[in-house]
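Here the structure comes first, spelled out in structure tokens, and everything after it is commentary.
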Amino acid sequence: MSDEVTAEILSTHILDLARQGKRLDGRTPDEYRRVEVEPGFVVTADGSALARIGDTTVLSGIKLEPGKPYPDTPNAGVLTTNAELIPLSSPTFEPGPPHPRAIEVSRVVDRAIRAAETIDLKKLCVTPGEKCWSCFVDIHVLDHSGNLIDAASLAALGALTHATLPQKRFGIAEHDIPLAVAHFPVECTFTRLGETIVVDATFDEEKAGQGRVTIATDEAGNIVAMQKGLIGAFSPEDVKEMAERAFRHGDRLRAIARGV
Amino acid sequence: MSDEVTAEILSTHILDLARQGKRLDGRTPDEYRRVEVEPGFVVTADGSALARIGDTTVLSGIKLEPGKPYPDTPNAGVLTTNAELIPLSSPTFEPGPPHPRAIEVSRVVDRAIRAAETIDLKKLCVTPGEKCWSCFVDIHVLDHSGNLIDAASLAALGALTHATLPQKRFGIAEHDIPLAVAHFPVECTFTRLGETIVVDATFDEEKAGQGRVTIATDEAGNIVAMQKGLIGAFSPEDVKEMAERAFRHGDRLRAIARGV
Amino acid sequence: MSDEVTAEILSTHILDLARQGKRLDGRTPDEYRRVEVEPGFVVTADGSALARIGDTTVLSGIKLEPGKPYPDTPNAGVLTTNAELIPLSSPTFEPGPPHPRAIEVSRVVDRAIRAAETIDLKKLCVTPGEKCWSCFVDIHVLDHSGNLIDAASLAALGALTHATLPQKRFGIAEHDIPLAVAHFPVECTFTRLGETIVVDATFDEEKAGQGRVTIATDEAGNIVAMQKGLIGAFSPEDVKEMAERAFRHGDRLRAIARGV
Amino acid sequence: MGNVGAKEIPELFGPDGLRTDGRRPDELRPLKITAGPLHQADGSAFVEWGFNKVMAAVYGPREVHPRHLQENHKAIVQCRYNMAAFSVDERKRPGLDRRSQEISKVIAEAFESVIFAEEYPRTSVDVYIEVLQANAGTRCAGVVAASVALADAGIPMVDLLPAVAVGKVGGKLVLDLNKLEDNFGEADLPMALVPQSGRLVLMQMEGHMHRDELGQALDMGVAGCRGIYEKMKAALRDRYAVAPVGASTGAAQ
Amino acid sequence: MGNVGAKEIPELFGPDGLRTDGRRPDELRPLKITAGPLHQADGSAFVEWGFNKVMAAVYGPREVHPRHLQENHKAIVQCRYNMAAFSVDERKRPGLDRRSQEISKVIAEAFESVIFAEEYPRTSVDVYIEVLQANAGTRCAGVVAASVALADAGIPMVDLLPAVAVGKVGGKLVLDLNKLEDNFGEADLPMALVPQSGRLVLMQMEGHMHRDELGQALDMGVAGCRGIYEKMKAALRDRYAVAPVGASTGAAQ
Amino acid sequence: MGNVGAKEIPELFGPDGLRTDGRRPDELRPLKITAGPLHQADGSAFVEWGFNKVMAAVYGPREVHPRHLQENHKAIVQCRYNMAAFSVDERKRPGLDRRSQEISKVIAEAFESVIFAEEYPRTSVDVYIEVLQANAGTRCAGVVAASVALADAGIPMVDLLPAVAVGKVGGKLVLDLNKLEDNFGEADLPMALVPQSGRLVLMQMEGHMHRDELGQALDMGVAGCRGIYEKMKAALRDRYAVAPVGASTGAAQ
């Protein structure tokens, strides 16, 4: 039996189960796999966290370096988010320049961090128009069993939450100080399986899926980012319902990422 | 019938007609299609023009930015010409890094602008060796029905002719001033069809063609650039004759590009 | 007979000969082909040499330019080695970005030059942390008949030995002075053919080979770089024996490269 | 969005409650759609929307490049959303940046959600969007242009795809942000609607929108899309009115 | 190595002859090997060695990409050694630099020297090494991790490949350089051993080592490799002890 | 050309009417052509012309890379004109810049105009030109070298392709510009001639040349080409004189 046929049969089965509100691994449609965030995994980073959602594993590391503000935001530091979907993490990833799906992951995570004003970029400005801190959020996917965006978002938030400004390394001050994190956005991703919309899809569910929506919420009741992806369609009512579910999951995920 | 065979038959037909001094669209060998230049098409550019030669459409936009003179020309501004043969404009263009034929278009247009001293680059120098204006001539092909070089040259000249130095945008002066255009080069391109040499070849004529020669002339009787391209050969007598034809067409094309 | 079969037969023959201590071109296992180094081949370079080992020809050119020290070595000039395995030199090389085998050649040559402290980089520092000389060693392979690393190393050493600091070109002083070369590393490369290990393998021997070891020695009895490459294995005893052979050949090769 | 540390926020509503360009909160900018302006493409459209100028062309169904992307049971949609160097205030370096690549991806997925892809296995429908002059809302203008170009090319689809952004400006929801509003607003929510099913196939959002505002924002966007839908249909009608079917086929190719 | 013009060289041995981290000259840093931590890869291993953290994964034998590299009579080994941006003090730009490409090449060749490649013609065995935290010796840690990952993936090999560097520091030969020793030492000689044959399949060297020292350095490295070999075998035994063969197959895939 | 804003123009003619290097206006620089210096290439040539040093090699007809460029009814010519980093005063970054790509294109087209391409369908004739030392006129030197290399490789052609530039310097037309004349001259018109037919297959021009001067410039170039043609034929005769046909075939491969 070819891989294509096997995949087709598996997808059909997943959709059949979904019709009955069931999932292959026994979860309900609104249930996440086990979620863990382990901060401080990499000591060479100025902040780091390993996030696990089921078998999906994503590592994020923060680096802060002296930089120069962008001309149009002279009073703000610079934030750069980069996701590497390295071929180590999945048979579906190939070496080479960043694939659009890697770019999408990094941009959706970046958008939530930026829009939520997770870190106050103004505080990263040293001399307006001249000197600032550049904050790099690097995301390294290690094991891809589905739902990369949520895992990447948790890893990034976990890494930022525990990051320090390396003032000592750059001879700026005697001591490092914590990077001030002001807000805590988390992404929550939904996948359509027929008329059922499940949260935290596995890799196989993503392949069977008919559209994906990610909703990032903050701790104050705001939606800070959304992204519809893949082939499929959602009604406005679907979106409203997913948003409410995203807020419910958000509180728990946020607590895990912050380690509180 | 395969595409290749159809193209072969069309080329044979075009060459047969050429032997009788005729062309597929009824023109004489020395006749251009309808030529139009519409300046100011894009307001975000500091100068712009849309050039149409028959169904061929090319848009050029000028951008002027503060820059730094090249070390070997400390008293001159910097001119950069770039042509994008975007896949929107022809089934024969593919996405990706610039193809040699795109590079050729931009370099041939650039050569004429530069050699004719179209704009006095010394006037774009602000502080010798330190500060100058960088002038970008970007050429965007929208519809490729043949004779891209002439259309690109007309669009670029039209855009330069109506460009302004954006002194206000960069806080250099209260008012913008026109970019001083000193000379008006235009390119005129010929294609060999058997022993007949036609001007302004269509896409199909280019495919049937046996060599191409572009001759750029200025308003003072000078040849400022030439380029022989594609597979084919021309005698010195052919070149002399084409040059005379280029001067004849040049006056009319120049007037259209300048809008006078 | 396919190319693959021909190559297979040739390789078998080479290995058969090696078992008897013989080689296709009549050399003994420890014998180099004719070695020549012609300095000053290119006058546009600040130093240059053409190295020939049998039919293998490699040209190296040195360029010295004002630069900036690396932040972690503020008191030293910058050395950059680059090898181009251009498609002109072999049917097995293709155009495009540097292939790992080109990177390996440049890095192995660079490692020997750098580790041997061939040029005292501190003397290339002009103003600590601010200004220094950047020394570019460019290696251009012209004819690849095997043993590129040794030929590249000889060409680079020959070019450095005769290089001058172009103080005049950059208006730094009235006169150019010689680039001070302090040490003279040469690489010596071995190839396993069964249990025989030959020096200076030809292209065909390299294809039949079962592993390659390069050992760079200086004039003072030091090993300054080593590199095992290709598929194959060597015992520590093999390595010790090759090192002794590398020292023996080193003295002669060094003299040829220095032209003394 | 994203203008942290930038200059002071200007006033975005007049005393009459109208916007800086005189529009009501739920009013679209002027929109002009021309179907079939290009001769080489299999289908094309030109959209002038506020101060945006966007050209779209469609080629296909045709052979897939690069070949390994080919799918055995359906056509794929490949999209290239590109901004001309001179389309923005500060010259943009030619080539696709990360933003353009992301937008290309979500637009391709939006169209692949409405095209009858199974009818053309092993082919590609190539959608090219060129932003010639940008002034906020280029991705929606691109979707509208590409959708009309797809229809012009005769690609079978469930429906046309009207698209528009809803934003939050000075605490209020407004339709179809202009550049000033985009720069200084609190949220931007572009979307593309399948009018026939009432479902969204493209949706992105960035900024701050309270959970209570989402429903109203979506409703405003859907209503806006329905208005745009009419203009899209009219543009296609005009195209055929000018050139009857037989002739237009020639012109479009 | 390579720190010409850098700051003063610190003291690298204590009065007791021990190294800055308290090790004897021929003593390894703490080494922990975990086989099979990843779920997608066909085989994987995680190595914590001193302050290094390196993950390796193996996929294959599988179809060759790009196709033209395929060989008719054997499998090829493709290796990608990569450093995460945050694995070093100064952020590393993502993507393979020249050093990573060279290391990838010599590691691929080392494994191709021990794999029974003829058993899988026209396939590729893909070895991915990700350095997550670097502190001198990452290529050797990568070889050790990749070797265990290959075994975990069930790829038939002559033997495992233990690897370690010997260095020269303050004029003395030492095993398994740490970062300080690597920065200020006189020579670095990483190697990988086939324990069964006693031969080396990876060897690089940089610095100054007198001809009389080479023999001792190689012997020290070989002895070090033999110690590492035992830990590699133990890690694979632990892997099967935790999950019996049937179960582990599932977990590894 | 192109030295707008540069230093003052030096005197380019002596009181005797001779040029800075002592040549008459229609006199070539010293030209030495060596056929067949390389061993790997199917054909090769080395040209020393004034202070230029240019090597050319030809491979083919052989399989086309990349494959999709293959043509069913003829061979294609692929050309790569490249300048070594050290060939010019200021070090050139390795790799093909836009100028090199343009020159590669027009040279490939020139040779494709004279090769009997129909004899080798579905193949490529690959022409590699390496400028090792540059001093004005490298594209013409490259064409001369490549043409001899093609003959050395036994590729059937209508004729050899001599090439030379005519320039305008201090208001006068001169043959074969040197570097000073190229930097400070008013026009540069490189061309390549098919002696047999008297037609040009390569021609570029940049600068200012009055319409009345063109005829004389072309005539001067054609005459120059005819002189170079003799030297090219002599180089090929020397090649066979040294090594008789049977032996040379081996040496060239």
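Order as written gives the chain letters A, B, C, D, E and F; numbering starts at 1 within each chain.
Going forward, a contact is a pair of C-beta atoms (placed from the backbone, for glycine too) under 8 Å apart; a residue touches a chain by one contact, two chains touch by 3 or more.
Source: prediction; values computed, not measured.
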Specify the chain most distant from subunit F by Cα centroid. A
Which one of the chains is farthest from subunit D, going by Cα centres? C
In terms of C-beta pairs in contact, which of C-E and B-D ranks higher? C-E
Among A-E, A-D or B-D, which pair gives essentially the same interface as B-F, with more than half of the residue-number contact pairs in common? A-D
Between subunit A and subunit F, centroid-to-centroid distance (C-alpha), Å: 57
Quick one: subunit D and subunit F, Cα centre-to-centre, how many Å? 51
Separation of subunit C from subunit F, taking each centre as the mean of its C-alpha atoms, in whole Å: 31
What topology does the chain touch graph have (line, ring, star, complete, other)? ring
When the ring is traversed from subunit A toward subunit E, the order is A, E, C, F, B, D
Touching subunit C in the complex: which residues of subunit E? 1-6, 72, 98-99, 101-102, 104-106, 109, 112-113, 189, 194, 197-211, 214-215, 218-219, 222
Parts of subunit C lying in touch with subunit F, wherever the complex brings them together: 41-46, 48, 55, 57, 59, 61-63, 65, 82, 84, 86-91, 94-95, 136, 138, 140, 142-145, 169
Taking the touch rule as given, give the residues of subunit A at its contact with subunit D in the complex, in rising order. 4, 69, 72-76, 98, 100-101, 103-104, 106-107, 111, 114-117, 121-122, 125, 211, 213, 217-218, 221-236, 238-240, 243-244, 247
Counting only contacts in the complex, subunit E reaches subunit A at residues 38-41, 51, 53, 55-57, 59, 62, 65, 80, 82, 84-91, 94, 126, 128-130, 132-135
